[in-house]
Every structure is written in C-alpha cells, then in structure tokens.
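These notes open a run of structures that come right after.
One chain, chain A, appears in both complexes that follow, with chain B as partner in the first and chain C in the second.
Showing the complex of A and B:
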C-alpha cells in the first residue's frame, strides 16, 4: 500500500522537490544579499535610539516593530543575522579544516595514529556540544574569537568521522590499487585519488554545519556567554528582548528567532538536494 | 558484558576530567585575583603569593588534577563560590529536579512522537504527513530558548494560565506537589517539544519502511484489521532501531536542559552549569561537566544493552 502511494505520487513528488530547492535558493539569495548590502550601503544606524517610538508593534514604518529604546528591529535583525552568519561560516570552515585534516590523516596513516585520533574523537563526543562550548567560553571569557573557537572545537568530530570512513573506503578501491601498483608515489595517490574523493563529503558536512554553528553561537550569546553587546547577534537580540516579553511585547522576541529558523531550513534544503545528487540511491530525508 | 562496557567508559571519563583541568590551566583567567576580588587590587604581591600557595594554584597541573580526582572519589568535590556551599551538596539538591524535568519531557516526546509518527506513516505523502513533517523540520530548526520564551509569552503573560518560572510560587516556603506540577508543565512541554521532531521523524521512517516489508504484507494477506497491522506489526518492527537510539539522545537532552532550565529558572543542575560558567566557578563547572559526560556514557551503555536485548542477533561484545 505504501508502495502504491509512492508510485502514483512519484511525478508530483519530484516537482515539489525541485520547487522546494528553488525556494530554498531564493531565500538564501535574499538573506545573503540583505546581509551583504544593507549594513554598508544603507545610511541607517541600527543603534539609533528613538524613545518616542519605543516598543511599537510591527507597522509599515517598522516592519518588525521597535525595541524598548525605539531602535528599528528589522535593521537590528539584519545586522544580527550578519554577525550570526559570519560566525557560523567561519566556525564551520575552521571545524571542517580540522575535521578533514584529522580524519584524512587517521584514515590514510592507519595504525597507532588512527587509534589515537579516534580515541580523542570518542572522548570529545562524550561531552555534550553546548556544554563543552560553555566550558571553553567560560574559561576564556566571552568574545568573538572564543565563541568561534568553542564552536569549532565541538563540531569537527563528525567531519573527522565522515572523512576517515570515506578515506578507508577509497583506499580499498581498485583504481587506487592500480595507481599504487603502477608506481604512483604516496603523495600522488593522495592528491589525485583520495582528495577528490573526500571533497564532496567534506563540503557537504561543512554546509550542514553552518546552521548548526549559527544555532550554537545564538545559544551561547543568549546565555550571556557569547558575543558582546556591540556585536549583537540574533541570540543577543533574543536575550535583550526578555524584559519586553514579560511586559507582553512579543515582536522583539519573535523576529530574531524566525530569522534563525529561515536560513537554517533553506541551507538544510539545499544541502539535502546536494546530498541526493551525490548519492541518488539514498534519497534520505533532509536532516538538520 | 555490561561490566566490560562500563570499564571501557572509565578511561573516557578520566580523560575528560584531565582535559577539563588542562583547559582551565590554559585559561587567561587568574583564580587568585577572582578569589581576592576587589581586595586583590590593593593587596601586596607577597599577600597574593601567599594566597596562591593557600589555594594550591602554584602546583603543577597533574598534581592538582590528581588531588581533585582522589578527593572526588571520596565525595569531596570542593566548594562552589557562586552557590556558597559544597559542590556535592549543590549536585545532590539539584540533580533530582533535573531528572524529573528530563523524564517528563522525554516521556511526553516519546509518546507524542510515536502517535504522530504512526499516523503520518499510515499515509506517507498525505496531508497529515506533510503538515506534521514540515512542522517537525521547523521545530527542529527552532532554538529551544526561543520556544521557551514564546511559551512564556503565550501561556504566562497572555493567558496567565501557568507560572513563568521557578519551582514554587514566590513567597511560598514549602514545596507542595500541586505547585511543582504547575511549574513543571511549561519547561517539560518546551523541552519535550524540542526533542519531539527527532522521535517523530524516526518513528515515521521506521513504520513507513516496515509497512513495505513482507511481514506486514503477510499480516494483510491473513486479513488482519488495519489497526492490528499498524500497531502489532509495523510499529513493533519499526520501533526496534528507535528503542536502541533512545539512550544516545542524552547529549541533546542535556543541551536542551541547559537552555530550558535557564529560561525557566528551574533549580536543576543544567541551570547551575550556566551560572557556574557565567561566574567562572571552576569547581562547580568541572564537576557538572564530568557529571554530564557520565550521563552521556551511561546513555550509550543503555543503548548498547537495549540493542542486545531487543535484537538477539547482536552479541554484547560484537
């Protein structure tokens, strides 16, 4: 019965899939454009205080409303999203580089190096990510770089595992054996055969890590262990809105959170499409 | 078997305690100045040095770690500066409340996830499945602290139906069952909802896959009622992988608890962890990090054991 449903709806499913990917791409384009263009070009001060217009609900003049000192929330959210995306991108990049290096080295060298590297990965995985992040930030004091570092040191583990598994499976392939018996140097085998094989997986892991890193940063900032107030990210905005929320003003809390969800879903949708192309047999659900 | 698994967790736990000390040693944060507070600004260098010796900060890292470890094994985890009481007492007072919250949230998430998952899997691609799946992906992407704040706004501020935080009403000294129950609803709801998408998606996938397999076809061919097929056959085999993954959800549960307990001022260990971190209360933070790691390892162990029990093909040492 389940199979019938799949078969009859096959065509419809495929077209909604394309539509969804296009929607995700459009959303990401808007987000990236807004984040890149608005802060430098628009001559608007996100910190402009207007006490006469404090806590205005959403309107045409202020689409997201204003906060408790009359600052425009749309502008603050765009600036916050810029900070969050930047931290997410940098942290994901650093984590991917560490993860790929460790995973590839473990997989390619094998033996003791592999065993030690994987023990380290296992040990670090036993600590919940956010807790480890909190610990790192707490001992190094909050700030932009400790936050990036704390997200990076907690997120490279999965990439290392993926890359190691990929290298191990590539090492056994006939074309690698052929290259080795043909007299190719280790370096040549690594550069010509192993690196191209692991890049797609590592890239996919990196893209999927961006929303995760953004989420992480916002959680740290919300707990007061993240970015300083002058570099307000979406997490800082939600934290700053707690007072107005208890007075019944919902918009300063709602919009920063929504702006965190929308890019997350869009990135996950795009990454899911990419994964389906990499591995068409495993049309898995998009996971976040 | 179980003993061997437990033993293999011990080195990990040891490594984590040492890592915690090594990280703290790298920190630019000076415990002597923190201890002395504003008095440290006027104190002479000799006094600061004496304090350094008294606190034992001058000794090498390994020695401090060994001291901490040996006294931790006898139940002495040091004193928390921010709570102004021994760390062991802080944990003993709070761990029960955290466990209560986590258990309620987890049960709610498993029950709701199973019901929704079976309903969605019955007609994959149908309207119910599409709606609930889309909602699940959105919830999965939503930060738990944001959900918690929206819940406070709706249920406490707007409706005034439920308290917005704490364990009991302000001004009440005794902890009564009714008060705790009413204060538990919102945090448990939010923590449960933040865990729900994962359960839902797993059950949905498991049941949908099982519905396409031979035992279900056989059950249908024998003319069993649809309800019987769904619950007795598809759900049973679809739940098998899920059962074993429950234990591996501990890290996510701890992550959620860190945020939810903080927002709702729930007097649990997770909220204490955040407090310890914001005020750099190292003894408390170290003990709670190790406690959380222990919980994760225990969850993994439980997963392994359940896997062996549920599927006899898997040996314990496999």
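Showing the complex of A and C:
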C-alpha cells in the first residue's frame, strides 16, 4: 500500500519533470529552427521601412506589430534573436575554452602557477565585468566580433574556478596515484583521467553561460555600445522602442523582451535536467 | 633491496603522519606491517610505492636513491613497484572499462601492442570473467573490482608489490583468492612484497615476516591501546 503511494507520487514528480524538459526542448527547437530557417529562406528585408504602417499593434499581417518606422517586428525579432544566439553561443564557447584551460592548468600544475593564475582571476573578478566589457568594446570599432570578444574575455573567470576545483578534487583520488604508479606521465594523467572528469562540469558551465552571454550582448547594445543601431539585436530592439513605450505602444518592447526571457528559461531548464542526470543528489534551483 | 630509512612524511609539515620509520625488504621477501588505524601505515605504503615524497629520510630501491627527485620519482622506478589500494572504488577511474583499467599501465608506457594478450592473461590469473572486462567499475562488485586492480598492479611485472590493506573490503573467499594470486606471482618472479594491514591473523599466515608499527618506528613513544582505542585489537600480547 505504502509502496503504491510512493510509486504514484514518484511517478507524478517524474512526469512533471519530463514534461518541463520536453517543453524546454520544444521551445529551443522552435527558436533554433526559426533563427536558422527564416532569415535565409524568407527573402524579406528586415530593414524595409513603411512609414504608412508605423507603430501598428499586433495583427495578422504583423503578428508582433510594427516599430516607429513601420518595420515588421516579427522579422526583426527573428533577426535579432539570430544575432543574440550567435553571440551567446560563440562567446560562451570561447569563454569556456579559456576558463577550462586556465582552471585545468592551475589545478594540475599547482604551486606558483596555481597561485598566480588564481590571483589574476580574483583581480579580474573584482572589476565589474560590465565595465570591463565596455572597455573592450570601446577599443574596437562597433560590430559583432568586438561584442563577442568583450563577453568572452569577461566570462571565463567562474568557469576557471569551477574547473580548478574539480581538477583539485580529482587529482587527489587514488586512481590518479594508481595511474602515476603505472608509469603515466603528467600529460597522460591529465588527458586520460583529469580532462574526461571535468568535461561534464565544463559543458554545463558553457550551456549556462549562453543565456548569460545573450543578456550581456543585449545590455551592451541597450547602452548603445554593442551592435550598430541599424543591425537588429534584441538589445537594440528594446533600446529603440524605449521612447514609444511612454506613448502607450507596448509591443515593440514586449516581444524582444519575451524573446530574451523565454530562450533563457528554456536553456536553463535543459541545463538543469542535464545537471540532475550528472548529479542526482543536487536537484536544487539553478543560478544563472 | 627496498629500503626506507628514518622516514618522516605527511601532508602537513607540523603534524607528520609518519615519524622516523625504518623498513627494509629483500627481493623475494614478504613483510606484513601491522598497526592500528591512523598510525601512518598507508602514508608509509605510499612512500614505499614512490607515490609520496617524504619530508625527511631516504628511500633506496634496487640501489637507486629515490629521494631527491623534485616532483615524482622517475618512471622506470615507479613502475618497478606495483600498488594495490584499500578501496577499489576509489582506485579505479569510473570512466574506464575494466579491460582499459588493466591495460592502462601498458598504454602509458608505450606497450600498447601487448595490451590485449596481457589483459586476457591477467584476467584469467586473478579470476576475472571475460564478460566482466567490458563493464565499468560501477557495474561490478568491490571484490571483482579489486581483482581488476590487482591485475593492473601486476600488468607491468613489478619487482616489488605494495598492498595497502588490499583485502580490508573483501569477503573471506575473495581474500583467500587474491592472496593466492599474489603468492603465485611472487613464487614465479621472486618479487618482494610489503603488505600493510591490521589483521594479524591474515598477515602472519600470508607473510614470511610481520612487524608491528612500533618496531619500525624507533625512538618514538609506542602506540598503545591507551593512546588509541583501536590499538588493543591489533597489538600482539
């Protein structure tokens, strides 16, 4: 009897979880498909100005409405999301590679190398990373790659810390001793035992960093420091629509904002499910 | 000869785990080292296996002074000593199949081509079924995993063997089987054995010579049952 109760409860909880994971996966599938397929296939000009149709609320012709010069917002949102996702992906990847390399080297080498690397990480962490990011962007001409670089060089710090801690914990395990005793060189221990051990953590850190990097790009664009104003990105869209919000036009800010929040939640949900699989005991909330 | 002289070693210089331990082992000899838990046996075993650099004292292996290396002993000396640890779960990389676990030392020393044949031979020697070789550590029992760990320790044909509480986690029949494997190997190759443990009955039957911790740590107050709640069980009358 008791077992049966437990079963139904466990089953219910499990099905809610799978449902959530499936919903997240579906949202991401739609987003990725839209971003990959719509801009190249639909030969529509996202810059097409139609002043006669400016600031129209959502309708069948323009599902997300139009902006203050009559550009179709759905089309611009898809283009913006494409840019934001690209920046997020590439920046997260670069940041993870830098962070993993620094963290693994610090953890595996130990001693002075570790101390110096970690003090550099501490020092950089002490500078607000938006400020550091603005500095990096300011050095280059405005464009996509300076934004990627700015996000990447400011976001590898937490990954470096996570990876270093993981390496330190793995390095002390008896199986590393056994490998050393079996004649393994430092390099072999690192490649065969340490790196495979940290990859799941580093991968998870990378996935969680994608939404973070998207927000960062949007923040830079919103401040007018990211992409040029004519190029659609979620940050630019929100920035451009600020003025019309006060006039009661809610749609030019709502839809880009939603497109920033929904994929973020979906990616976080998927990453959370992955983390649950990696470590079933740590089913806590996600921190972005 | 495997000789440890006046070894002081630990993980923190102020409170060393081992202070002033002496130990020597001739080829073909087997020495059982008894001691209460926490006395420093495992640290000394790590020093003897050239895995831990002592803070003070000298380690001599087959005439080579091993101490004085900066980070690790040279590979040729490390591989001359095979080690089996107490907990097979921790001593096996969770990602490697048992086949790769046993073959890993051969691959690490560039003898990849021999791997398949040697793994099959050792699996038979330690009594590990061929079907188990494709499994990963979490899919086998402690006893089966310890068999694999022993096979890994023997795969490079070491001249010395250090067994740090090899049988502490095992049932009686697996213990007997693994001890028999070690003894067969010693009879064949004339390897020296240092077996560390806290079971006097087992070690006295297994090893030609047994020493209590107090006998190898000279000039130090002995570890007694008064100082250590567990000591009374292992101190011989």
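Observations on the model:
As a working rule, the second predicted complex is superposed on the first by the 272 of 288 C-alpha atoms of A that agree within 3 Å, B and C clash if a C-alpha of one lies under 4 Å from a C-alpha of the other, contacts with A are read in each partner's own complex, and residues count from 1 in each chain.
Criterion: contacts are C-beta pairs under 8 Å (C-beta built on N, C-alpha and C of every residue); 3 or more make two chains touch, one makes a residue touch a chain.
Since the model is a prediction, treat every value here as computed from it, not as a measurement.
In this overlay on chain A, chain B fits alongside chain C without clashing. Of the two partner chains placed by the overlay, neither chain B nor chain C lies in contact with A:51. In the superposition on chain A, contact of A:238 is made with chain B only, not with chain C. Contacts of A:229 after superposition on the shared chain: neither chain B nor chain C is touched. In the superposition on chain A, contact of A:181 is made with chain C only, not with chain B. Chain centres taken from Cα atoms put the angle at chain A, between chain B and chain C, at 100 degrees to the nearest 10. Between chain B and chain C, the partner in contact with more residues of chain A is B. Within the superposed three-chain model, A:246 lies in touch with chain B and out of touch with chain C [touch as defined at top]. Applying the stated contact rule after C-alpha superposition, one finds that A:139 touches chain B and leaves chain C untouched. Of the two partner chains placed by the overlay, only chain C lies in contact with A:196; chain B stays clear of it. This overlay, made by fitting chain A, leaves chain B and chain C with a least C-alpha separation of 17 Å.
Once both structures are placed on chain A, no chain A residue is touched by chain B and, in the other complex, by chain C. Residue ranges of chain A in contact with chain B, taken from their complex: 1-3, 5-6, 9, 13, 122-123, 126-132, 134-141, 211, 215, 218-219, 222-225, 235, 238, 241-242, 245-248, 250, 253-254, 256-257, 260-261, 264-265, 268, 285-288. Of all the residues in chain A, the ones that touch chain C in their complex are 173-175, 177-186, 188, 192-193, 196-197. Contact residues on chain C toward chain A in their complex (touch as defined above): 46, 49-51, 72, 75, 78-79, 81-83, 85, 87, 90-93, 95, 104-105, 108-109, 149, 152-153, 155-156. Against chain A, the residues of chain B that register as touching in their complex are 12-13, 15-16, 19-20, 23-24, 26-29, 123-126, 137-138, 140-143, 145-146, 149-150, 152-153, 157-158, 164, 201, 205, 208, 211-212, 220, 250-252, 254-255, 258-259, 262, 273-274, 276-278, 280, 282, 285, 289, 292-293, 296-297, 300.
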